[in-house]
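Have a look at the structure below, then the notes.
As written, the chain order gives the labels A, B and C, with residue 1 at the start of each chain.
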Amino acid sequence: MDLIVETFFNLDVLREMYPFLLDGLWMTLQLCIVIVPCGIVAGLCVAILFSFRFRPLSWLVIVYVDFFRSFPPLVLLIFIYYGLPFVGVDIPDFAAVVLALTLNTSSYYGEIFRAGIESIPRGQWEAARSTGLGFLQTMRYVIVPQAARNVAPDLTSNTLEVIKVTSLASVVAMPELLRLARVAQGLTYNPTPLIAAAAIYFVLLWPLVRLLSRMERRMIAGR
Amino acid sequence: MDKKSPILDVQGLRKSFGGLEVLKGIDLAVHPQELVFIIGPSGSGKSTLLRCCNRLEEATSGSIWVDGVDVLSRSTDINRLRQRIGMVFQSFNLYPHMTALGNVTLALRKVLKLKRDEADRRGRAALDDVGLRDKVDAYPYQLSGGQQQRVAIARALALEPKIMLFDEPTSALDPELVGGVLNVMRAMRKSGMTMVVVSHEMRFAREAADRVIFMDQGEIVEEGRPAEIFGNAKHQRTRTFLQNVLAG
Amino acid sequence: MDQIVANFFDLEVMARYLPDILSGFVLTIYLAVAIVLFGLALGLALAVVRAFQIRPLNWLIVFFVDLFRALPPLVIMIIFYFALPYVGVELGGFVAAWLALGFVLAAFAEEIYWAGILSVDKGQWEAARSTGLPFFRTLRSVVLPQALRLTIPPLTNRTIAITKGTALASVVAVPEILSQATAAQAFAANTSPLTMGAIAYLILFAPLVTLSRWIETRFAWRR
């Protein structure tokens, strides 16, 4: 028992290393603050392009979505991070991570919004257009408000996934929470920083998980 | 009425949901081959009474005996007892992923542990009894409401119960489908089944019931032969209820 | 243009490292199958136990589910691989990746199965119990078959998303596709192996993503 406490919950190590973890947390938050909105906006664009119901465009959108859903995000990240410099494109690390994870997540957000828009019956479009509302007005005042309710659980779920996926940035030496926890582990020869990082993630994300399982249950019960 | 011991014997049955007392001391004895009809306004506790009899609902106090077995005793094997108490629901509750025959034979195979062909034989016979010989392989969604309810009756009948409880078996049916279900119930009565029926089919009650019980607010207000209850009920509450039902 | 071809599609480099990528491909499939079998089975077992509604057990299950939904899979994997050895538990990379992703899948699957069980009409339970079927038999023969059908689309999506996490195993020294590809890239000082890796993932997951799209329409929540 003592061994376990000494090893995984070592307060001395924690006291020494917590500034590291806080730095990492801050970087993780920065990544989230940039990637989540980028992903949502890109996803909305994808869904709106789809809803024009112009066949070739719809196909392109589906290909885009399925293409990026087929790659593990880590593969995409490594490809962009190591690949771009080879062709002379030099972008900052932060931008490379944001680009890779946004491409990945925009396909998920796009699919969610697309399904949400699809879930609104045709009659709603026709009713709105018949009163003289334009395409974007119909979208904004009639379709999106209804779709938003339907997609809230999936949206929350995907946002949770995006936040978790920022941990992949540690693989390309981005100093976010997991990366700095590993560095701290290396410096102290003790895994307490890893456990602490896990605890931080849990405290951060647990409310979201609770909220989500409630929403999902209500969704299914409503059918 | 003969003096044989009752098949269903309910005494002093009380049932509360939280603070709400839904059954306030029910005494009811149903004798072999009797058809007892229970009527009463919505929320009077009719369904709850039936559901206590096979312990889908746990009674708060009182005693219930079915065919000489103490329903409420902890030592009673409730699953064995339930086979002897058939139950038919307002909403049929057929298993949507099984054929009519599958619905009827599930308990035969899994509870009575009958071999498949023996179970099928009994299942077919039960479906035959309710006039659905040609629907054995149909899935519930391929059947009309009336046919579904008859399958549900066959599902209970196949277990050869001592008593059948019906909770508004025709309330969810279109008017033209009610007759088929009532015919099946008539035939069951003729063959000597003991039945307790909660229903608003007053014409059927008048014609087929041995006894009609009027319940209101968790109590039995009065009971008697159909002619008595429908002709000249003693209590004002009963008369008001009947007026409303027969008018609407 | 030439530069791109030389760096991303160098056929000679590709031919040289094809065997490595292939062996990574096979290993990825092993790992994925192991994760899916373990995760779906454990998730179902947990959901069934949860149906018995035994208080302390339920709390444990909910805690397990919330924990593995909230933590990034990479964090879990790294703890299994880098932290457990401090107390003498040496799992090895493959087992660490397998257990980490298996637990994550089990957590998500439990939640989905459980929602499915809850969504089956109460009348089904009552009808079955009224014919004398015991609790477990009712669950098995009446409720689960209906619940499982409802869970197919969300479960497929979730399973695919989590099996893509096999790429994370590269971080814990499992020679699957991505780690073979990055190793080869470093040796060859050329990005073509990464291209091959990306193509390998596309071959593996694009059909699954398409399949899930089909399942979505085929088994859409309907009753």
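What we mean here is this: a contact is a pair of C-beta atoms (placed from the backbone, for glycine too) under 8 Å apart; a residue touches a chain by one contact, two chains touch by 3 or more.
These numbers were taken from a predicted model, which means no experiment stands behind them.
Farthest from subunit B in terms of Cα centroid separation is A.
The count of contacting C-beta pairs peaks for the chain pair A-C.
Located most centrally within the structure is C, per distance between chain CA means and the overall CA mean. Rounded to a whole number, the gap between the C-alpha centres of subunit B and subunit C is 48 angstrom. Inter-chain centre distance (subunit A to subunit B, centres taken as mean C-alpha positions): 55 Å. Rounded to whole angstrom, the centroid-to-centroid distance between subunit A and subunit C, based on C-alpha atoms, equals 18 Å. Residue ranges on subunit C touching subunit A, taken from their complex, read 3-4, 7-8, 65-67, 69-76, 78-79, 82-83, 86-87, 111, 115-116, 118-119, 150, 161, 164-168, 170-171, 178, 182, 185, 190-191, 194, 197-198, 201-202, 205-206, 208-210, 213, 221, 223. Chain contact summary for the complex, subunit A toward subunit C: residues 3-4, 7-8, 66-67, 69-75, 78-79, 82-83, 86-88, 160-161, 164-168, 170-171, 178, 182, 185, 190-191, 194-195, 197-198, 201-202, 205-206, 208-210, 212-213, 216-217, 220-221, 223. Subunit B makes touch with subunit C in their complex at residues 51, 54, 56, 79-83, 85-87, 89, 91, 93-97, 106-107, 110-111, 152, 155-156, 159.
Residues 121, 123-124, 126-134, 137, 141-142, 145-146, 149 of subunit C touch subunit B in their complex.
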